[in-house]
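Heads up, the next two complexes both have chain A, just with different partners, chain B and then chain C.
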Partner chain A sequence: MTASGAEAALFWVLAPLMVLAALGLLFARKAVHAAVCVMFVMVGLAILYVAQEAPFLGVVQVVVYTGAVMMLFLFVLMLVGVDAADSLTETIKGQRWAGVLLGLGLAVVLLGVVAQATFPPAVGLAEAEELTNPVALARVLLGDYVLAMEVVGVLLVTAALAGLVLTHRRRLSVRPTQRVLAAARVAGIEEGRSLTPLPAPGVYAQNNAMDTPALGPDGQPLPHSVPRVLRIRGQERSATAVLAEEETLVQRDDLRLIGVGPSSGRTAEPAGEGPEGPAGPTGSAGEDEDSDGEVR
Partner chain B sequence: MIPGVAADFSNDWLWVSLIKAVLIVVFLLTSVLFAIWFERKVVARMQVRPGPNWHGPFGLLQSLADAMKLLLKEDVSVTRADRVVYLLAPMISVFCALLVFAVIPFGPEVTIPFTDYTTPAQLTDFPVAVLYVLACASMGVYGIVLGGWSSGSTYPLLGSVRSTAQVISYELAMGLSLVSVFIMAGSMSTSQIVASQTSIWWFLPLLPAFVVYVISMIGETNRLPFDLPEAEGELVSGYMTEYSSMKFAWFFLAEYINMLNVSAVATTLFLGGWRAPWPLSAINDGMFNTGWWPVLWFLAKLWLVMFVFVWVRGTLLRLRYDQFMSFGWKVLIPVALVWIVVLSVFQYLGLAGVTRTQLITGVAVAAVVVIAALWLWPDRRPAAEKAGSGPPGGGSRGAREFDAFADGFPVPPLPGQALPPSPRARRHVPQASEVPSASAAPASDRSEETR
Partner chain C sequence: MEITNYLGLAAILFAIGAATVLLRRNAIVVFMGVELMLNATNLAFVTFARIHGDVTGQVLAFFVMVVAAAEVVVGLAIIITIFRSRRSASVDDVNLLHS
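What follows is the complex of A and B.
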């Protein structure tokens, strides 16, 4: 085997890295890390192909395997939950030892083959690639082996169709159009459903969490602005309490207290009660404006 | 001399390639700064506002200032992030984006000023250069996908899953549209493709492929109206939500370099590359196609395509995700496939000895037959039924009669229906005859409809 100096240097830099990445595939805990390792190995392979004067094969390796197949793997990994780590329990008894034995056997066989391999100088590359690498490949694939290519193509199309058929689900009802959905929404008004999206939870100076109701244009808290689950659990905060806490903050500067202590916010007050405006009658006019500005 | 490649790189030593590579990187980085300014300025003019105009002449230094700000910002890493991949993702993005311009020809052989050294205005080229561009693009997606995953957060993950699906489907359409150029040019090397466009630029004879390419290149670079991986209204900013400072800047950089990449590929493959436009190319025996002039034409075409990017962004709204996917799979890819089949048949006929006049006559006859058949085809529905059938909201009561409470809830008049005279109008206007005329209402309805 003859390799130019640059090619040998490239190989000896790239090959150990690829071996490391391949080991990473075996030992990585997270599936995505393994996928990144495979990606690295594939790109390294592509670079080696290009260095060995097979540019078409190298580039197609990246486009097809790294760009499409590996990407689909990653896609599925993400869909099924990437954080699922492998379980280390043996499902078949003694499977680990059998695996080690078989692996050792394979290693012995491969080592034997590789050690006996000889590399006679390559013959006929120049004649074969007289008209550039892709043209020569096309002549071979679409001339000499055209039947095999077509058969493989038919096989792949059949497999793709089978995948479509197997994953196809028949729609049981007519697909609702936007018009139907809109009509249903309007028809739901009578049952007390809202035409618009539900109001977002309230945003106050000290609090913008989901458990605080927003205030409507009339100043009354809107109970349905808090998620239903929180309301059922009684984890809803009352707007009154939030406002009162903010009032006490404002009152720290000037000492005209209004008799509302820093009461605990998490009270399951029945909603729709209305804010018993702590700022209203007792607070000064300036503070009133303050709290109004924060609320609206 | 590489076989199958028009440009001659036999004079290039290692240091020449190095200088070219550095020049390309400098060109790309400055172009990105300019592109950000260009985009903001053009979009601003389309929205009748001045755009950045404060820092530097015409606001040109605004994007430089923004870049400095990003460099100096605090680099926040999310606690739940997967550290290594989180750092790797923006690197992959930028690295793959920078690779593409290596095979883009800026011009033919140029002479370096003050010397008589000539070299192609292109870093390198090989028989599968365009496939290499596709490979770089498909690797770049890993940056987005891994970035979204490693952020350990919901919106970025959704963004990256979307982007995977999007790029895989639009890359197919893009590759298929490029195949027709390969068929016509008989090569996949960029310099050879430019050389094959001496008589006619491929976007004219291959117009369907060009249209498919332009659509899919916008999808491929995640730009509006196809920017679903970073849709602000739905996903905050998609895969880059959790990124800040320099890491975010790298994603940003990669996005704009990718825009330049696909524009350069469009220029090279469809718009004649560095060739001068027609009236200029005829002047003085092709003077404008030699020396340093071609770089000017290349850059002009590149920025023309970039303008199209901005124009589309300023004009169109973001698609819904399902519409976007079904558009890619059910429209773009079939169109591209059919076009390739048609083109291959034509090429085969050409090789089989059919002359061009015979081909054009055959196509014209076929077109006339198809149009005549469409013209004479009987209507599926009788005309009377078509006029009579109203939309389902109108019900069976007929479209002309306006029912303010059709289906039990208040509705506005449908097209063709008129509002009854308002009882309140009479209260303000003493004359009972001055109620809103019946002809005005349908007109306003029509304008409502076209909006």
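What follows is the complex of A and C.
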């Protein structure tokens, strides 16, 4: 039995795209990109299932794989750290070439088997799915395989328990009280740590993002006001860049106002105060003191 | 188009998944390679169900999906546990038993 023309068109459009996405999994440097590629492959497979007279499996594929499994993968990626890139140094000598060779060999062997084997003429599922596909599946699933179905239920419960047990963290030390924490803070002064919470990131007229440092009372930027994670990743902006940006904005506003006529007080004010005027280093210190204390 | 083309696609996807398991170091990406292999076999199951006119193949694919879901839960929990103790998701760093 050969597939209909529409199905052939669907297959020849979808299959190369799916293979490309699968290669994306193999070659993408970042794990998140690989996850998105796998999602594409899985949605493509769901479409192919529907085309192959298995609509129930197509829906289950979308719900279980793209909906649950890949979301779980993304959650774990966020938990582990998105920037955990692969190291490119080889720990086992020649492993890369051996891997490439084995992968290509497997592809050749499998494709050879598919090409060599003689398949019986395809029957199609029109007869087996007399009523509908879910009904036919349910007859087999809850008839012939009812025991396997029960065992799979036990397996799912066991897996859920295993997930709970494996990710459970036992507290190894006594939970520190407020008094202990206060004493530790005071003791840390001698080592150069600060008694107060770290300053919050800078608040400027145009910018209050986490990546901009606050300005101290002396007008100097405070690098430790930017969260540690951003500093490690090198995603921090310098105060001079932000201030220069605002300077140009103020100037542009001034030029426009000259053409319009008498300026309103709002735009004239920052120009008079100079670039450092709107920078309030303690602007948002109150809101996120608690979370900041943990992050840094 | 012959229906066996689907089997060819399944073979290619399976080989790419296997190559991912062999070549990549990030444990999560390796795990996604395993998932890709499971999906490729599912496609083969569905195609064979169609060739033989018997929905048992689809039932088996369904069971594979359920087992894969359970396996993902346990596997990712293990990866998180290792990450907590070793601060790394690379399969190279799990060498506690090495000398």
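We take it that the second predicted complex is superposed on the first by the 161 of 296 C-alpha atoms of A that agree within 3 Å, B and C clash if a C-alpha of one lies under 4 Å from a C-alpha of the other, contacts with A are read in each partner's own complex, and residues count from 1 in each chain.
Please note the rule applied: a contact is a pair of C-beta atoms (placed from the backbone, for glycine too) under 8 Å apart; a residue touches a chain by one contact, two chains touch by 3 or more.
The shown structure was predicted, so the numbers you read here are calculated from the model rather than taken from an experiment.
Asker: With chain A superposed, do chain B and chain C clash or fit?
Answerer: Once both complexes are aligned on chain A, chain B and chain C fit side by side.
Asker: Is it chain B or chain C that touches the larger share of residues in chain A?
Answerer: Counting residues of chain A touched by each partner, the higher count goes to C.
Asker: Considering only the touch criterion stated at the top, classify A:78 as touching first (chain B), second (chain C), both, or neither.
Answerer: So A:78 only meets chain B here.
Asker: Based on the superposed arrangement, let me know which partner A:36 touches: chain B (first), chain C (second), both, or neither?
Answerer: first
Asker: Between chain B and chain C, whom does A:159 touch in the aligned arrangement: first, second, both, or neither?
Answerer: A:159 sits against chain C, while chain B stays out of touch.
Asker: Quick one: classify A:17 as touching chain B (first), chain C (second), both or neither.
Answerer: Neither partner.
Asker: Looking at A:55 after the superposition, I want to know if it touches chain B, chain C, both of them or none. Which is it: first, second, both, neither?
Answerer: Only chain B; A:55 stays clear of chain C.
Asker: Check whether A:122 is in contact with chain B, with chain C, with both or with neither, and answer first, second, both or neither.
Answerer: The second partner, chain C, only.
Asker: Using the touch definition from the top, say if A:68 reaches chain B (first), chain C (second), both or neither.
Answerer: A:68 sits against chain B and chain C alike.
Asker: Considering the aligned complexes, could you tell me the closest Cα pair distance between chain B and chain C in angstrom?
Answerer: Once the two complexes are overlaid, chain B and chain C approach no closer than 13 Å between C-alpha atoms.
Asker: Using the superposition on chain A as set up above, list the residues of chain A that contact both chain B and chain C.
Answerer: Overlap of chain B and chain C footprints on chain A: residues 56, 60, 68, 72, 79, 129, 133.
Asker: Which bits of chain A are touching chain C when the two form their complex?
Answerer: Residues 1-3, 7-8, 11-12, 15, 18-19, 22-23, 25-26, 31, 34-35, 38, 41-42, 45, 48-49, 52-54, 56-57, 60-61, 64-65, 68-69, 72-73, 76-77, 79-81, 84-87, 91, 95-96, 98-100, 102-104, 106-107, 110-111, 113-115, 119-120, 122-125, 127-129, 133, 136-137, 140-141, 144-145, 148, 152, 155-156, 158-160, 162-163, 166-167, 169.
Asker: Quick check: in the complex, which residue numbers of chain A touch chain B?
Answerer: Where chain A meets chain B, its residues are 30, 32-33, 36, 39, 43, 46, 55-56, 59-60, 62-63, 66-68, 71-72, 74-75, 78-79, 82, 129-135, 179, 183, 186-187, 189.
Asker: Could you list, by residue number, the parts of chain C that touch chain A in their complex?
Answerer: That would be residues 1-9, 11-20, 22-26, 28-29, 31-33, 35-36, 39, 42-43, 46-47, 49-56, 58-59, 61-63, 65-74, 76-81, 83-84, 88-90, 92 of chain C.
Asker: Write out the stretch or stretches of chain B touching chain A in their complex.
Answerer: Against chain A, the touching part of chain B is residues 3-4, 82, 84-85, 88, 126-128, 131-132, 134-135, 137-139, 141-142, 145-146, 149-150, 157, 160-161, 164-165, 167-168, 171, 175, 188, 392-393, 407-409.
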